[in-house]
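First chain A sits with chain B, and in the next complex the same chain sits with chain C.
Then we have the complex of A and B:
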């Protein structure tokens, strides 16, 4: 019976650790946005420089500078997003988890102590934030994928239009739509996973609300 | 053995620790029990007074403490009581 209790408590505490990690994803979204925005701004600066450089005749479209600027645009954009992702991952990995393990090793007394120390209101708040974080994370991922694909496809379209003389505006529109479809397609599994995680977090929230309500109302008579 | 303020509502964690140690070690003197439970001597004495009043523990002639059947049953009931609630919680894979 005591082992059942510690096993159940381990499941509870592990779930709460996971919520803490998810909450960190939300907290690191600001960092993610800043890094991504900086890389987009830098990439746009390179792109503008390449466009205006050709337009004003600073350099020839076929010489190395324009190509280098185009390459830098993609590198900065992709590199920025990869670094932002790495940064979020690093923050999540640094979240302290499993600190309850030594307490739970005491058995039932440890389980009682952990239950006494849980701040349910904060836990519910964390779960709500985690749910929001997943939604934002999923949408941001699609947006960034779309942005990268759109830049790459539009580069390809620009290159193509200069060779086969197709109206650039038609190609840009086609590539933008195509990049939306590709971005959603390559992120479909992740979107589905986030959707399921949000649903599971919702279920956990309801379960814990029930537990908190029942446990708070009950009183152990000695 | 009077040592200050009596306990009105015991901390279940402390209670469970004392009972668990007594269940495992059968018989202990107060100092050894204080060391094993990590409680200060004064606090332990107050809990033991309370537990003696509830017939959870008893003292023998040498002053050693043993757990009564009632004390052991209370511990099992406490574990069962918590498990009744925690056990019903389903944890979705998140």
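Then we have the complex of A and C:
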């Protein structure tokens, strides 16, 4: 019985550690969005500088400066999103987990002590937020991927059409649609993973409600 | 909360940049000319435009000297000045903004390929085998000139003309 309680408690605390990480992902979304938006704004500034430079004759489209600005546009855009991803990952890695382990090593008294310290309402709230965070994170990821791919493809198409003089052909719509397909394709595993995680959280929520009921009943019986 | 405001500001900046970028336009044209031809660069008067024009006189065989040489091409500009070229020649034309944008523009000169609209505020065209009337009545006295700015020059001789145009319509 004692072993069963400790094992169940370990499962619960491990799951809650996971929820804490997911909660951190949600909290990091603001940082992710700010860094990404900053990189997009910087990339667009380089693009505008390139267009102004060509228009006002500061340099020609085939000059090294124009090429450098084009390269910087892509580097800043892709680099910004990659950095934002690393930043979120860093914050999630720094979430303190497993601090309950020494207490749980005390056995049943430790497990009961941990149970008593749990704030059930906050836990349920955190899980609901984590679920919402998954959806937002997944959609944002697909959207940002689409945006980057669309910009890169349209840029490449524009460059290509300026070389081979096919400017009359409007490639924008084709490139935008192609970007959607590529964005969904490269994120398909992540989307699937997040879908499964939402399902897992649903299961966890039900299990926690059961734990809560059991714990309250046990409290009442004592 | 500070991050939300920062994000809002950044989104507004991006939206402004995006809108501004959509005001840039480009056009390219490449044609072989023979006899009397015209190069016509035109734009809506609310736009800035820069056109890079490259003229490559056609190569002809000099059977006597057994060599290839480039054709003799004469350029006649709007002010009447002339330039003879016998080798590749390139120059830039910058047309500045001459008026504000009031109402929409949709201008087409029949047969002369000058198509200017709000969607296409800049245009570059090379027209082969044009008559002298074109320079007098076609470009020179177009009823559209109060809405568009036109730069043109005449090419006499066989050449390959390539034009890259960049514009900003604001």
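Just so we're on the same page, the second predicted complex is superposed on the first by the 211 of 222 C-alpha atoms of A that agree within 3 Å, B and C clash if a C-alpha of one lies under 4 Å from a C-alpha of the other, contacts with A are read in each partner's own complex, and residues count from 1 in each chain.
To be clear about the criterion, a residue touches a chain if its C-beta (ideal position, glycine included) is under 8 Å from a C-beta of that chain, and two chains touch if they have at least 3 such contacts.
Keep in mind that what you see is a predicted model, and the values were worked out from it rather than measured.
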Exercise for the section: For A:189, decide between first (touching chain B), second (touching chain C), both and neither. Expected result: neither
Handout entry: First (chain B), second (chain C), both or neither touched by A:51
Key = second
Exercise for the section: State whether A:30 touches chain B only (first), chain C only (second), both chains, or neither. Expected result: second
Handout entry: Greater residue coverage of chain A in the superposed arrangement, chain B or chain C
Key = B
Handout entry: Which of chain B and chain C A:41 touches, first, second, both or neither
Key = second
Exercise for the section: Identify the partner contact of A:61: answer first if only chain B is touched, second if only chain C is, both if each is, neither if none is. Expected result: second
Practice task
With the two complexes superposed on chain A, say which partner A:217 touches: chain B (first), chain C (second), both, or neither.
Solution key: neither
Practice task
Examine A:94 and indicate which partner it touches, taking first as chain B and second as chain C; both and neither are also allowed.
Solution key: neither
Problem - In the complex, chain A residues that touch chain B - result: 1-2, 4-5, 8-9, 11-12, 15, 18-19, 22, 106-109, 111-113, 115-116, 197, 199-201, 203-204, 207-208, 210-211, 214-215, 218, 220, 222
Handout entry: Complex contacts: residues of chain A adjacent to chain C
Key = 30-31, 33-34, 37-38, 40-41, 44-45, 47-48, 51-52, 54-57, 60-61, 162, 165, 167
Exercise for the section: Can you check the complex and tell me which residues of chain B touch chain A? Expected result: 10-13, 15-17, 20, 54, 56, 74-83, 85-94
Handout entry: chain A-touching residues of chain C, taken from the complex the two chains share
Key = 3-4, 6-7, 10-11, 13-14, 17-18, 20-21, 24, 26-28, 30, 48, 50, 52, 92, 94, 162, 164, 166-168
